[in-house]
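Note that chain A is present in both complexes that follow, paired respectively with chain B and with chain C.
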Partner chain A sequence: MTNVPVTRPAARPDIKALNEAAALRRARREMLSTLVRYGLLAIVGLVMLYPLIWLIGASFKTNQEIFTGAGFLPHAPTAEGYIKGWQTSTPYTFGRFFWNSFLIILPKVIGTAISCTMAAYAFARFDFPLKKVLFTSVIAILLLPNVVTRIPQYLLFRDLGWLDSFLPLWVPSALAGDAFFVFMLVQFLRSLPADMEEAARVDGANSLQTLIFIVVPMLAPALISVCLFQFMWTMNDFLGPLIYVSSVDKYPVSLALKLSIDTTEAFDWNRILAMSVLTILPALIVFFAAQRYFIEGISAGGRKG
Partner chain B sequence: MKGQRLLGLGYLTPYIVGLLVFTAVPFLASLYLSFTSYDLMNSPRWSGIANYVRLFTRDRTFIRSLNVTLLYVFLTVPLKLTFALFIAAILNYKLKFINVFRTAFYVPSILGGSIAIAVLWRYLFASEGLVNMALGAVGFGPVDWFGDPTNALFTITLLRCWQFGSAMVIFLAALQSIDRSLYEAAEIDGAGKVRTFFFITLPLLTPVIFFNLIMQMVQAFQEFNGPYIITQGGPLKSTYLLPLYIYEEAFKKFNMGYASAIAWVLFLIIMVLTLVAFWSSRKWVYYAGDKRS
Partner chain C sequence: MARVQLRNLEKVYGNAFKAVHGINLDIADGEFMVLVGPSGCAKSTTLRMVAGLEQVSGGEIYIGDELVNDLSPSKRSIAMVFQNYALYPHMKVRGNLAFGLRIQGLPRAEIKEAVDHVARILEIEPLLDRLPKQLSGGQAQRVALGRALIKKPGVFLFDEPLSNLDAKLRASMRVRITDLHRQLKAEGLSSTVIYVTHDQTEAMTMGDRICVMQAGRIMQVATPKELYNHPANLFVAGFIGSPEMNLIDGALEGTDFVIGTQRLPLSGEVIARLTGRPAQAVLGIRPQHLVLAGEGPALSARLLSAEFMGHEVNLHAQLEGQRIVAVVSADQFEALGDTATIRLQPEMKSVHLFDKEDGRNVGLGQQQLAA
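Coming up: the complex of A and B.
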């Protein structure tokens, strides 16, 4: 602010006083602005988060109490919802469904990480025929609504005999089918200098060694974001299992929760709320443990490039 | 360098196989299927444009569903983005707990399309649920959220607006990358907060607004979990979005040909709107340091 050219020499004597007054005004305005901002944020934050807080409280309430008050604390806390909900109306407990979710998630995340890293490495560090067309296809898949490919995919998996298994959920991701991740990793890798890789090459490392020992460690933060997002999305995925998984013993938690809504008697609310809490718990824990990666991943995805 | 060139393609092999097998071929196959009648028992029978004719002339469920879908998208996307931008603009300040707030606002997005959240929504908007209790506390009568066709769709819109976090994080990152000196210059020129926002901040944000707009639109057109769990498409099909209709035609009634035709109509609508957005972006999206001639 000091080097602003003053074009009115006549006003020179007043400048100091004027500046002080302006500074005072600005300070007051800024304090007011800060207060208003905190106030608004606190209100919005409360409105946003209260439903979740209420959900946790209500899951410990008795069925009679759930719709009688808006409070968080249960009058007579009970774990009945958890105990009965965990048993489910099927021959299996909810533990089985968590295990199934885990069985879907783990191979899917590993496959995604490997295939998307390979694709990003190719796009960011190599020149090859049709590169432009192929990279355009990443953007195209990103924008392509899944709804248009879903029916033929189903028919394909049916012909392969993969229905009612986890293969339809694993294989497309293991072939870098989630274009968002490819795009994110390409953006990230392009922003990193290739010096280290050059040095490794000069030292006689081949491209695979360079990928594993140089590129992957540099890519680690972005790769963690990819794994976390894939974990989260798969945990929440409902339509995929709904279409492909039909036996109850293979249900992931999302389907099991829907099943418990359909089969629980109309007034057993706390069971459903309790199981809802359990289903969102893994995602919440992972998010709070690693929130930095989520925020960075989302911000990076939106960067223009 | 010939080997080097093939090496690149080598690393891309999984992606290329996936692209062909799970995207390109299914994409064309669904176009073909949309011109057939196919019930999974007999092989697809070519029926020309019969599916499309039926959709637009005799299928009142489709017309209803199409209208509801368009209403839903045009309601949800602007509301969500405006809200996300508003919160991001408030957060973009020297606030002490900015990270805490950012995290808190992002939590609903993390839970995203989770069934548990759709379940929670059913409870919140139930006739004696939390929302009506809160409305009652400030003197409004209870609202019939799920029984009244005009309200039911709005509960799903509210659910998705509640998940404004990822759009907000993108806006916030863009806001934080705006050069401070522009604001200082504006202040010296005597521009107020509002003018500064509309004449400096907003133009510089247009690239991310554009990005968010496209992503949210494509997503909103495919909304499934919300209406499937919360309202089951009702009442009176007022929340029967096209993805629900496609799902029921394809995977409940096994009318694969007819369902593909609906999917293609949905796809064409999304594509046309995306192209309009891209085309119009030349007029309203501002890229700093633009190298296009």
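Coming up: the complex of A and C.
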């Protein structure tokens, strides 16, 4: 009889201890797998990012040092590359080229956002004659290699007297000329339920009011992606300015970078690298600032109604 | 006056599919009309045509006395509550309620007053500064209701507004909506309601009148009681009521209804009500009106299973190869013991006879038909 109360309490700590040991083992296993996973990701990430890190490091090196090793830390850091690079070998500073890029990007991005939204809204929500034919042509343009249209476009802009101006660089995009963005927004819109727009119509909003007050706010993540893409692609566009812009005072940064390679025979790599860093900086800043929306935007669909 | 009239209303889709087959319906001012039917019966399409969200292919829609076929939704004096609420996700509750008035260009103070008034009625004042995603289903539905209410429309259109809610909430919202309708009516405000649902409980408990639809056609328009007691055809008989009405195939021979080897003598009253003698007939009797028989003429059926519902028991049985259900009290079920065969007697005043070919109820009598 006395055994019963004695054995029971003794059995309890045993089970508890076993459970604790199992939990400890589990926690250790999880910790290890987490370490391995993050270690692997960190290594791969570092390999991918190394060129960028090297670029930033090298922009602070002297010209002699740049090609002496693959390390990114400069022995004797110097801002010479930035100072000389900013001055450029032209009568203008690099600031001028940034300003030129800005003058192209601003109307292009705003124009793209407005025109593509309107085009996509029409394709996604309205029935109109020849809708199918028109949408098919949008897709066809999407598949068309850019090169094919270069010469006819050049002739067209020449006849319009737009050569050596920024107009050929932004006007087509500002009139929904980028089929990719129209397509992307159409797909996003199709994934949104039309109920809200119908509710707005019942509430008395006309099509334009519905677009502005209801559709655009819901479209915001996709629109931010569109603006980001357009910003980055324009910033990096080299061929467009090369074809249409001929005066140095109108060069955007992409051409200006090339300029510093062209004009001197033994060119200073640290100046070029320093200016490259400055060139990618705006895109990087904008991207990281808007990263959350950007990812939301390109993973269109899968949103709860 | 917010009377709604549908005249030969038709809807044909682009692929030549005819969804609505020329329906006629009169909805009186202040009436609560429920459109009910199975999925795909075009009840929502009909409602959307009234709202102006769907193009009318043929016929006319009048709201008040105005032909509204080509009017935009905002000019029809309607407000709509959608199945999934359709709240504007980027606006707070306050913004959602105010949107319609803002579009109308009302002064700010007036909008605020209207929003506060509606919020008070629907008890959503604490929610005014929340976003729709921060609301529960019931709260979102109340906001959607508020958005309709604030416009003071002539006609409220509800498109299955409760189907996304859980059963308990649905029951309380049902009461809330009917109360609101009554309140509006008492205040002398225009309060015609067209309410679409596939749930017959909602239809029966909420509607002043119910319009039962099937495949783009109206099967019967009547009060819930009339619909339950005097279904005009087989479809309505099978659709309204739970458990479903027993529809037993057989033939009329003299004053007897013959099912396989069994004969059920019909009362003189039933025979007198007949407006036709179909070759193939269907006898309709609700499970509640099928009682366990003592002596006298009865149908004997083999008991298959029993569902205990609490105060009553649903008996599933087989009658000459046809499945039937009878509802008996728990006590009666106890008394049955282990019996394998039960004797059932239909209450004669609740017996319906249908023509199997066209589905018409031939047992309604001339008087009911005229009504």
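List of remarks:
Heads up, the rule we're going with is that the second predicted complex is superposed on the first by the 246 of 305 C-alpha atoms of A that agree within 3 Å, B and C clash if a C-alpha of one lies under 4 Å from a C-alpha of the other, contacts with A are read in each partner's own complex, and residues count from 1 in each chain.
Operating definition for what follows: a residue touches a chain if its C-beta (ideal position, glycine included) is under 8 Å from a C-beta of that chain, and two chains touch if they have at least 3 such contacts.
Bear in mind that the values here come from a model prediction, so they are computed numbers and not experimental data.
With both complexes brought onto chain A, simultaneous placement of chain B and chain C is permitted, the two fitting side by side without a clash. Legend: residue contacts after superposition of the two complexes on their common chain; A:193 is shown touching chain C, with no touch to chain B. Looking at the shared chain after the overlay, A:205 reaches chain C, while chain B stays out of its contact range.
Contacts of A:213 after superposition: chain C is touched, whereas chain B is not reached.
In the superposed model, A:83 lies in contact with neither chain B nor chain C. In the superposed model, A:160 lies in contact with neither chain B nor chain C. Residue contacts after overlaying the shared chain place A:32 against neither chain B nor chain C.
Between chain B and chain C, it is B that contacts the larger number of residues in chain A. Legend: residue contacts after superposition of the two complexes on their common chain; A:53 is shown touching neither chain B nor chain C. The overlay of the two complexes leaves chain B and chain C separated by a minimum Cα distance of 7 Å.
In the superposition on chain A, no residue of chain A contacts both chain B and chain C. The touching residues of chain A, counted against chain B in their complex, run 1, 4, 33-34, 37-38, 40-41, 44-45, 48-52, 54-55, 58, 66-67, 69-70, 115, 118-119, 121-123, 125-129, 131, 134, 137, 141, 143-156, 171-172, 174-177, 182, 207, 211, 232-233, 235-239, 243, 254, 257-258, 261, 269, 272-273, 275-277, 279-280, 283-284, 287-288, 291, 294-295, 298-299, 301-304. Considering their complex, residues 51-53, 72-74, 78-80, 82, 84, 86-90, 99-100, 103-104, 147, 151 of chain C touch chain A. On the chain B side of its complex with chain A, the touching residues are 1, 4-12, 14-19, 21-23, 25-27, 29-30, 33, 87, 90-91, 93-95, 101-108, 110-117, 119-120, 123-124, 126, 128-130, 133-134, 137, 162, 166, 169-170, 172-174, 184, 188, 207-208, 211-212, 214, 218, 221-222, 224-225, 228-229, 243, 246-247, 250-251, 256, 259-260, 263-264, 266-267, 270, 274, 287.
Within the complex formed with chain C, the chain A residues making contact are 193, 195-196, 198-205, 209, 213-214, 217-218, 220, 305.
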